[in-house]
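Note that the chains are named A, B, C and D in the order they appear, and that numbering of residues resets to 1 at the start of each chain.
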Amino acid sequence: MNLAGAQTFWYFYIAIMLLFVMGAYYIIASFNLIRVLIGLELLIKAVTLLSILTGYLTHNEGLAQALVITLIVIEVVIMVVAGGIVVCIYRNNKSLDTRKLKELKG
Amino acid sequence: MALNLILLVLLLVAGIWTVLTTRLVRSVVGLALVSAVVSILIFRLNSPLAAAFELSVCAGLISVIFVTTISFTQRLTAERLEERRKERLGKYWYLPVILIIFGILLVVFKPKLDFPLPQVPSEQDTRNIIWHMRHVDLLGQILIILAGVFGVVILFKEPKK
Amino acid sequence: MKPSVLLLPILIPAIFGALMFILPRKARHTVAFLVAGINLALAIALFRNNLIYSFPWFAGKIEFALRLYQFSGFIMLSAAFFAFLIVIYSLNFMKGKNLQNQFYAYILLCIAMANGAVLADNLLLLLFFWEGLLLILFGFIAIGRPGAFKTATKAFIIVGISDLCMMIGIALTWMQAGTLTISKINLALTPMAGFAFIMLMIGAISKAGSMPFHSWIPDAADDAPLPFMAFLPASLEKLLGIYFLTRISLDMFKLAIGSWISILLMAIGAITIILAVMMALVQKDYKRLLSYHAISQVGYMILGIGTCVPVGIVGGLFHMINNALYKSGLFLTGGAVEKQTGTTDLHSLGGLRFKMPITCACFLITAASISGMPPFNGFFSKELIYDAALSRGMIFYLAAVVGSFFTAASFLKLGHAAFFGKERNELKAVKEAPLSLLVPMIVIALTCVIFGIFNYLPLNHFIQPVLGARLEGHSYAGFHVNIVLTLITILVLAGAFIHHIFMAKLKGEGLKAADDIRYAPVLSQTYDLAQKRFFDPYEIGLKGMNVFSRILWAADKGIDWVYNSFVPGVSYGVSKGIRRMHTGYYPVYISWALVGMFAVLYFLRK
Amino acid sequence: MVPLFVLIPFFSIIILNLFPKKLMQHLSFVWLGFLSLAQVYLVAARPVWFWDTKLELWNLLFSFRYSVDVITLVMLLCIGIVVFISLLASRAMISDVHQRVNFKNLLLVSLIGMNATVLVTDVFSLYVFIEITAVSSYIMIAMNKDRLGLEGAFKYLILSAIATVMMLVAISLLLLLTGNTSFEAVGAGLAGAGNSLFVRVSIGLFLCGLFIKSGLVPFHGWLPDAYSAAPAPASILLAGIVTKVSGVYVLMRLAISVFGLTPSVQALLMFIGAVSIIIGAVAALTQTDFKRMLAYSSISQIGYIILGVGCGTKLALIGAVFHLFNHAIFKSLLFVNAASVEKELGTTDMDKMGGLTQRMPVTGITSVIGLLSTAGIPPLSGFWSKFIIIIALWQAGNFGYAAFALLASIITLAYFLSMQRKVFFGKLRSGLENIKESSMGLIVSQAVLAIITLVVGLIFPLVISWR
């Protein structure tokens, strides 16, 4: 990897890693189901950026874009399904509290 | 490069705001902001098609999905909100600390980037790649959209009383 | 003869056994009869041939090798003989019973698996057929009376665990010998090889039904269909188990006189003889009593083979075939009694000698054989074993003789209770068993007599060729066994007889029913006996032994307990702890995954 | 014509949904049954006209690069069998018309996803189809919209999303290192890239993602919840095949033919496998819920497979693939048993059962077969595969792991025995006198699976040499 590339990678790398940490922290620490999904979105954003970055660095933008487009479609569907599950949970529990999801244990 | 740096900082700030804000709707707006910044970054990384997709689908569609989901559920009352705010303060002040520590760790353990970059295939037109080389993914996209449709049909239907 | 003919005795019964599930009801008996007959004819035709048939198998790594030679031909012939008799017997016995199709299917499959196991010249192939037999055993017991399912599972697990040991043994043998072909394995008795031997031996003797792998047999006697008992535990499994034991101790491992394994085998044999026969003594059911003898007699064979001297091995093998004869004969008489009277409880039997004279005669001959009474076959094989045991140590001889005494005593009791004694009112209408039940019994009884009087027939043709050069030209046929030992045996038997007559008289006065001959001490009887000093020491000893055998009974249950609940008990606490860790709160799970991720990345750092 | 495994179900989804629902439920039942059985036939008999013919027309229109080897074939076979069984069970367990139609649609999506997963030769396509299978599973678990089902689905979704993020990071790094995503290119690129930090991180992250997907300790938190909360047909599908394809199969494929089994990866896989075996088995000991216990036992069995993969010798891989097949069969069998008990009793709590063999003989007997096969009692099929794995471990010199695997199978036997006693043996519990044997569909599927277990156990040499 040449010097300029390494430089670019380095900055993006730190930002992406911190975005990962934020997303993971949000998922683990928040008590609201929708916030959990937002945390998940943050993680996926970081991955998207990483993919594009690797494509950019290896001059392989075409493939990287193709992958990212597919990835975005899949991401949307997962969010839709997750949203549906969260709405159903709300209808059942009358609450979005994650701490009420402890029925199955042991 | 400087613009990239500013955008990255903006990305992190938007991310932190998304995590720390009290109102759910604001959090969704924060996510949309993150998405927007990401799509600008993608655009600047020579990937216009993906940037357009990211902007329209993620910043747009996903925000709509979240707002819809929130509208299906009830908002909190003002007092509960106040309680929550206190709760959240206790919980979330760790995050900046963790981020700073993690950032320092990343800087200290900087990975060596001396590996050679691979030779890449000559075909670089995204549309060509999607339509001619990655049929299987295309099939997967159609299929997962179908699955999503079934999901919406099954999960969002109002239960019969 | 083409070597591939060796596939026939495996394939024919297997195919017809599988077909049995779908054949029409009426054809089943005929087909089973025919296939058993064909199998017998095949076994006779193949006997005395030497053939090897093999082709690469198991992705080319392992040979599918079948080997027919003197020994395997002999075992195959005996198995075919018994299978044929049992099928004839079952034609009538199983009439009107449920699940006949399964019953016949299992018999035929059993023949196929047994033939395969005997012919296999490759340890993995042998294991394959061995496990097939286990499965059939399970099915066989399970089709018995309601509730047999539990017994079947018990048998399956106990035998399964011992087969697991055998598997370890095979793996170890493979590792040390570098081959799985049985006829090529020849290992010196290093400690590692000794361990392998013990593992294989566990597989062999548990198939034969030796202690401590026996506890399912008496339960099966209660639950399984009777021809099963006469076929599997009484004859076939003994044949296979002892066959394999002989193979491993003569061919695969160099077992020398005085090696610790020889001592171990003899000890197992002696203990099995004594303990099982004492448990037999307190049984009150025809089939259950026989089933304990089925265990006890294995002890003689293991003892004989364990001595490692030619006379002992000849005796052990001779005893194997003799035991198969008279034990299946005895079970068949039990079956006839059950069929005609509807019960095998000795309390409600008695005086059947006039009602069922032929059954009674067959019983007498086979019982005399098992007790080792001259000139029946059991006498000769036991004499050979005594001879060998005496040469290895007085204690083993004593165990064998004492076992013989108790065997005789318990059979006198059984015969008295079932066939002699006072006729019971409920049994007035009982008739002699039908012909197809009688024929196998008569054949077996006659064979017992022939193998006794003309004992050179089986010895010269079947058994002694197996040992070949090892015999150094000796022949053990005829009457030339040790006179002193013979005298002692006769004395012991006479003692048992006198003792029985005396006791029967005594108790016959004390109790109204003559059939109630129990050595089990009921208190008043013990007082009565205590007045007669002549019996005192013996009765006390018997009582003591009774207590002892009850303790053994408890130990028996203890083995069950280990199998069933010990392991869960130990792990219970840990399990609870792990369950408590699964709180159901998913961030916990996510944290585990993340910690796991960092651990994995750290693990891969180099 | 191999792409037809994916394409025919794909078009049939669209065509079937054109029919009215009343008609579609029957039509799709017949069609799905035909599809799955045809798949079983095509894999088992392997007619030349199917496997060796190229679809020229299709290749112009629609290129589908695929590869077929023994592992792929075994997986296709398992997929066919388990989808068929799940279909039968859904007929018996779901009565509502809409739900039936929905389930069949999802089953088709899942079938395509799994078939494509085992056929594709591209790391990213692998991710796409894993995700398709997973999405249909989430919806299936949540389908009844009961509290527990939703909870299980949400947990599965979150953990599985994290897994996909890990895999995507790994894919991005692989793109950076090798410039492409196809198996050959990635494999060649990794071989050339040496052993830099990014290589190890990408391999490690991909493996972690797959560990979550296949439910290995300590990545297994979602698995018992999802299995036990899912509706019966979904739990059969999920436990029988979905996690095996999307986790274990992919792991095997990548570890063997892409990443290559380096000593450290081998050590990692064997260690994780052993930990899963023991934790799964011990945790299953004191479970009171039938399905939950099966779920923990599933963790333990997957541990065996991974242990075999980690050992890496040819024999071990044979054993692992064979165990994968067996596991698909007997775990589906056990979940069908659970389904039929659940259908008749309305509960899966084992404390409320007892002596059920008297009332439900087929369920009782087949469950014994399944349990003994799981515990590895000879000569059932599960025994042989475990035996091969243990032998292979021993041969490769991993004596500790071999002994360990042997010991753990005794614990397996222990918890299954205690379960047997609770549920099927013993005295019939009062209140259960009116229980009947469950419906025909479940009986048939139990019998079919039990017979497969038995027959495969008896003729295992033929099975092993099948290719």
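Here is the rule we use: contacts are C-beta pairs under 8 Å (C-beta built on N, C-alpha and C of every residue); 3 or more make two chains touch, one makes a residue touch a chain.
Remember, it's a predicted structure, so these values are computed and weren't measured experimentally.
Common partners of chain B and chain C, by the touch rule above, are A, D.
Chain centres here are Cα means. That of chain C falls 42 Å from that of chain D.
Our note on geometry: chain A versus chain C, Cα centroid distance of 67 Å, whole angstroms. Note on chain placement: the centre of chain A and the centre of chain D lie 27 Å apart, centres being C-alpha means.
Chain B and chain D, compared by their mean Cα positions, are separated by 32 Å.
Across the assembly, chain A contributes residues 27, 29, 53, 55, 57-58, 60, 63-64, 67, 70, 74, 77, 81, 84-86, 88, 91, 101, 103-106 that each touch 2 or more other chains.
For chain B, the set of residues that touch two or more other chains comprises 115, 117-118, 120-121, 133-134, 137, 140-141, 144, 147-148, 151, 154-155, 159.
Those residues of chain C in touch with two or more other chains are numbered 579, 582, 584, 586, 590.
Contact between chains, using the touch rule, shows up for A-B, A-C, A-D, B-D, C-D.
Chain D makes touch with chain B in their complex at residues 6, 10, 13, 62-65, 102, 105-106, 109, 112-113, 116, 120, 122, 124-125, 128-129, 131-132, 135-136, 138-139, 142-143, 145, 176-180, 189, 193-194, 196-198. Against chain B, in their complex, chain A makes its touches with residues 1, 5-15, 17-19, 21-22, 25-26, 29, 32, 34-35, 37-39, 41-42, 45, 48-49, 52-53, 55-70, 72-77, 79-81, 83-88, 90-91, 96. Remark: chain C residues 57-59, 64, 127-128, 131-132, 134-135, 142, 149-150, 153, 156-157, 160, 163-164, 167-168, 171, 175, 564-565, 567-568, 571-572, 574-576, 578-579, 582, 584, 586, 588-590, 592-593, 595-597, 600-601, 603-606 touch chain D in the complex. By the touch criterion stated above, chain A contacts chain C in their complex at residues 24, 27-29, 98-99, 101-106. For chain B in complex with chain A, the touching residues are 1, 4-5, 8, 11-12, 15-16, 18-19, 24, 27-28, 31, 34-35, 38, 41-42, 45-47, 49-50, 53-54, 57-58, 61-62, 65-66, 68-70, 72-74, 91-92, 94-95, 98-99, 102-103, 106-107, 110, 113-118, 120-121, 123-126, 128-130, 133-134, 137, 140-141, 144-145, 147-148, 151-152, 154-156, 159.
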